[in-house]
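Per-chain numbering from 1; labels A, B, C and D assigned in written order.
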Amino acid sequence: MESDNLEFILDHFKNPRNYGTIEDADFSYEEGIPSCGDVIRLDLRIKNNKLDDIKFSGTGCAISQASVSILTESVEGMEVSKVLSFTDNDMLEALGGQVSPIRFKCALLGLTVLKKALIEKKSAP
Amino acid sequence: MESDNLEFILDHFKNPRNYGTIEDADFSYEEGIPSCGDVIRLDLRIKNNKLDDIKFSGTGCAISQASVSILTESVEGMEVSKVLSFTDNDMLEALGGQVSPIRFKCALLGLTVLKKALIEKKSAP
Amino acid sequence: MEKLIKSATVLDPHLIKNDFPVFKRRVNGKPLIYLDNAATSQKPESVINSIDNYYRNHNSNIHRGVHTLSYESTVMYEEAHKKVAEFIGAEDWRNIIFTRNATESINLLAYGWGLHNLKEGDEILITIMEHHSNIVPWQMLRDLKGIKINVLGVDEKGNLKLDDLPGLLSERTKLVSVIHASNVLGTVNPVKYITQEAKKVGALVLIDAAQSIPHLSIDVNDIGCDFLVASGHKMLGPTGIGFIYGRTELLQDMEPFMYGGDMIEKVTIEKTTWNELPWKFEAGTPNIVGGIGLGVAVDYLQNIGLTNIYNHEEELLVYALEKMAEYDWIKIYGHKSDSQSVGVISFNIEGIHPHDVAGMLDEQGIAVRSGHHCAQPLMRELSMDFAARVSFYLYNTKEEIDLCIETLKKIKKLFE
Amino acid sequence: MEKLIKSATVLDPHLIKNDFPVFKRRVNGKPLIYLDNAATSQKPESVINSIDNYYRNHNSNIHRGVHTLSYESTVMYEEAHKKVAEFIGAEDWRNIIFTRNATESINLLAYGWGLHNLKEGDEILITIMEHHSNIVPWQMLRDLKGIKINVLGVDEKGNLKLDDLPGLLSERTKLVSVIHASNVLGTVNPVKYITQEAKKVGALVLIDAAQSIPHLSIDVNDIGCDFLVASGHKMLGPTGIGFIYGRTELLQDMEPFMYGGDMIEKVTIEKTTWNELPWKFEAGTPNIVGGIGLGVAVDYLQNIGLTNIYNHEEELLVYALEKMAEYDWIKIYGHKSDSQSVGVISFNIEGIHPHDVAGMLDEQGIAVRSGHHCAQPLMRELSMDFAARVSFYLYNTKEEIDLCIETLKKIKKLFE
């Protein structure tokens, strides 16, 4: 990883954006990778089919935690359908395109959880 | 195998010496190699601690059957203790020393059965 | 023109031999003629090199860390599952479980599925044609669980008595486990038809493809089977690797077979939960290099083309059968009907034990098998007990068959 | 003079590295520093070549015919059993059963011995230090047979609470199954003492030597155990091969595990009888090349000498522990008493997830492991859950440890 990219990621790890919970969240979703111990919890509020507010909490490695932080910035205010078409590649690019394939699993955890949350919400009554 | 050695072995296979049974045998013993289907039965008569008479019957490959035939010729009249010290190498030499290691199992079957028979007899009451 | 097109699709075994380093080997001073392919196949340079390359450049444990070698190993090993999945038309690579060999594959199913799902009175249907590995695991279950083993017989031609099939199937039949191609007779059984019949009574179907997959194009969805097993070493792959294909729902519902590392999700002393497919069934450090080598073997087979391989072997088979038929002292088992067949011929020479036949062929550098071929019930049924066997693969030639038969003639003469 | 004698018996890891082709590999542009030996070891040229040579010159199935290649393969494969038997002081090569890995070895015993011999109320004793492969198979038996699993704990230093041992043993204890060296803490457990205690109540003893046999000289008769298991891939051998040592009477009395070819004597549809040892437990075509490669690995280890290897690793271990102790932000697990230990150090860096540690070490070409190390109960007991781990072997050097610690310092800094 180039060192400015590393700094960008570490900055998000040390100072996570959108960290916390939403009191009046429309829904919350939590998932992790048991073999890594990484866990991410998302609180979401949707208005007019847009992701009006998103907050996260969790534990895990720097890559996974920084990735969610960066992700929340990228998707906040986005239309739900657009979030669903946000690809793995989009996520990796948002991270600066420097993450090693070895860490893709960590880097993509947040996006996976977000999509699962939105799909579950959709199919809920 | 050199061709004259082969002829020696095939001759014993086609015209087995000491083939048959002993009416008044002191004891008989039968064993085989299940995975090959080879079976050898020995009838033995012992006098003055000597192998007074030995006859065999059985089925199997040319090497195993020729080997017993050759063996019976080698040990007939021999002292029992001498038979017990007849080695695998002695047997292979009696066969002309040309049998491939691949066929040692076949070549030594007769000797193994003979020794087992004598040992069993000894330990019998 | 027609001829040109035909020959363009037919493989040249002389060229193919160059890919297999073992053929530089001389046996008893003679060039090796390897006709024991039903026991195991030789390995192409590409497979041997993949092993070498793995140990020299990538060797590491899989799944177990975030370092480069471990990542590369994991990707290579998963990739091998994908290649096998595509090779047999499976939907997903997670439907492929790597085992040591076909034998372990069947045992995995006997324990993981059978031990936990079968109960007294249940029935399993096999055929008398089975390899021991598709008989003895079910006997273990019979003794442990009180199930019944039904057996579909063969006729005097060596074909399954398909007319008896419906009578042997009932709603008590929980599994039909059938050999695809016989390792003794070469007969290829109509597994698609058998599967359809089995499905009528709701039985699961397991296909033992150990002898078919090296030689025939296989599509698990076309057959319609629930499980299919095979061994890597018979299909140009390394020793110590085999596989199971299984339908997703079945694999998901099944209990694990072996227990330990990699197959777990979470372990406490009180309770353990399982990892996802296929890892749930691959406990401990797998034969990583075996899996990778098998993937390369599949590449090689697909490159040559299974149809080409089959056609070539068919040509050898017809040629050998015709030649051997010229001598009435050669007794050939099976091959009496026009059913499909792979390149396997079991035979005996009047008055000569097959060990002597094989031993004397070996002195001329010709490797054939002799024995009971791990199929004693079939051999007994056909009153053969022991036999010699030649079995062909893509690198064999008509010249080799000629040499083999010439040598058989000399052997026969010696014993006269 | 004294120094000269000493240095003559101590191995030179720089020279040894030349025997291991993987060290020509660069990772992320840096020379590979491989500190993940507890997961798997690298392979010397001689082992790699033995595999290559086998496929190029001898490849064939074993036991199955009377041709030259088959004979050579059979002899080579049996010879490998002999080498392993001698390596651990077993009386006879037939006491060695080849399996895929330590995990399969334990499962073989759980099924072949446990499933048929244990009954409700029987007890098994393990320790909290076990690898998952010595926990989960017994849970399977607990659920199937209603046995009880007792667990010997560890103290805060990471040593077994040996004082609790007598209280956990009774005539209900049928098996004591103990890890010899911990893959997390490096602790070498007093297996000889434990065996003696177990024998007092008539329990059988199984030693999981997966992490000890690569590093320590082992003599099964000295330990007095009934079974011992290990993995080839951790002791310089190929993937896909492991073994069980078992006492003759026990192996003879045990039921087989897997059923199929080669493990049988005679098969009818009604009844089957078993082959002699060790084949009774090696069903189907084995990992022939794996066995042969393991034999060559044993040759290599004996050539270098286990004492030399142990002394070298001890030196590295002491060196690394001292260096790491200089930094209070490195938390080391275990290594707090003077009990014997192999070269394994699990650690964490304050505030940094071990994945990040391992990932950033990897960028400098340094391979370490991070995770739960397949020993979740122990990790939970020591409140560590996840950790990074360095583990040494004969080719590691002090310079590599220096570089590793320098990099740890940089990582720590980045996260500040």
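Some observations on this one:
The rule is short, and it goes like this: a contact is a pair of C-beta atoms (placed from the backbone, for glycine too) under 8 Å apart; a residue touches a chain by one contact, two chains touch by 3 or more.
Not measured: the values here are computed from a predicted model.
No other pair of chains shares as many C-beta contacts as C-D. Chain centres were defined as the mean of their Cα atoms; on that basis the chain farthest from chain C turns out to be A.
Centre-to-centre separation of chain B and chain C, using mean CA positions: 40 Å.
A straight line joining the Cα centres of chain A and chain B is 81 Å long. Separation between the centroids of chain C and chain D, computed from CA atoms only, is 32 Å.
Residue positions 66-68, 266, 355, 359, 362, 371 of chain C are each in touch with at least two other chains. For chain A, the set of residues touching two or more other chains reads 35, 102-103. Each chain pair that touches appears in this list: A-C, A-D, B-C, B-D, C-D.
For chain C in complex with chain D, the residues that touch the partner chain are 21-22, 24-25, 27-28, 32, 34, 36, 39-40, 42-43, 47-48, 51-52, 55-57, 59-61, 64-70, 100-104, 106-107, 110-111, 128, 131-137, 139-140, 149, 151, 231, 233, 238-242, 256-264, 266-269, 271-272, 283-290, 355, 358-359, 361-362, 366-371, 374, 376-377, 380. Residue ranges on chain D touching chain B, taken from their complex, read 63, 66-68, 71, 265-266. Against chain D, in their complex, chain B makes its touches with residues 34-35, 101-103. Residue ranges on chain A touching chain D, taken from their complex, read 1, 6, 10, 14, 35-37, 60-63, 100, 102-103, 106.
Within the complex formed with chain A, the residues of chain D that make contact are 352-353, 355-356, 359, 362-363, 371-372, 385-386, 414-415.
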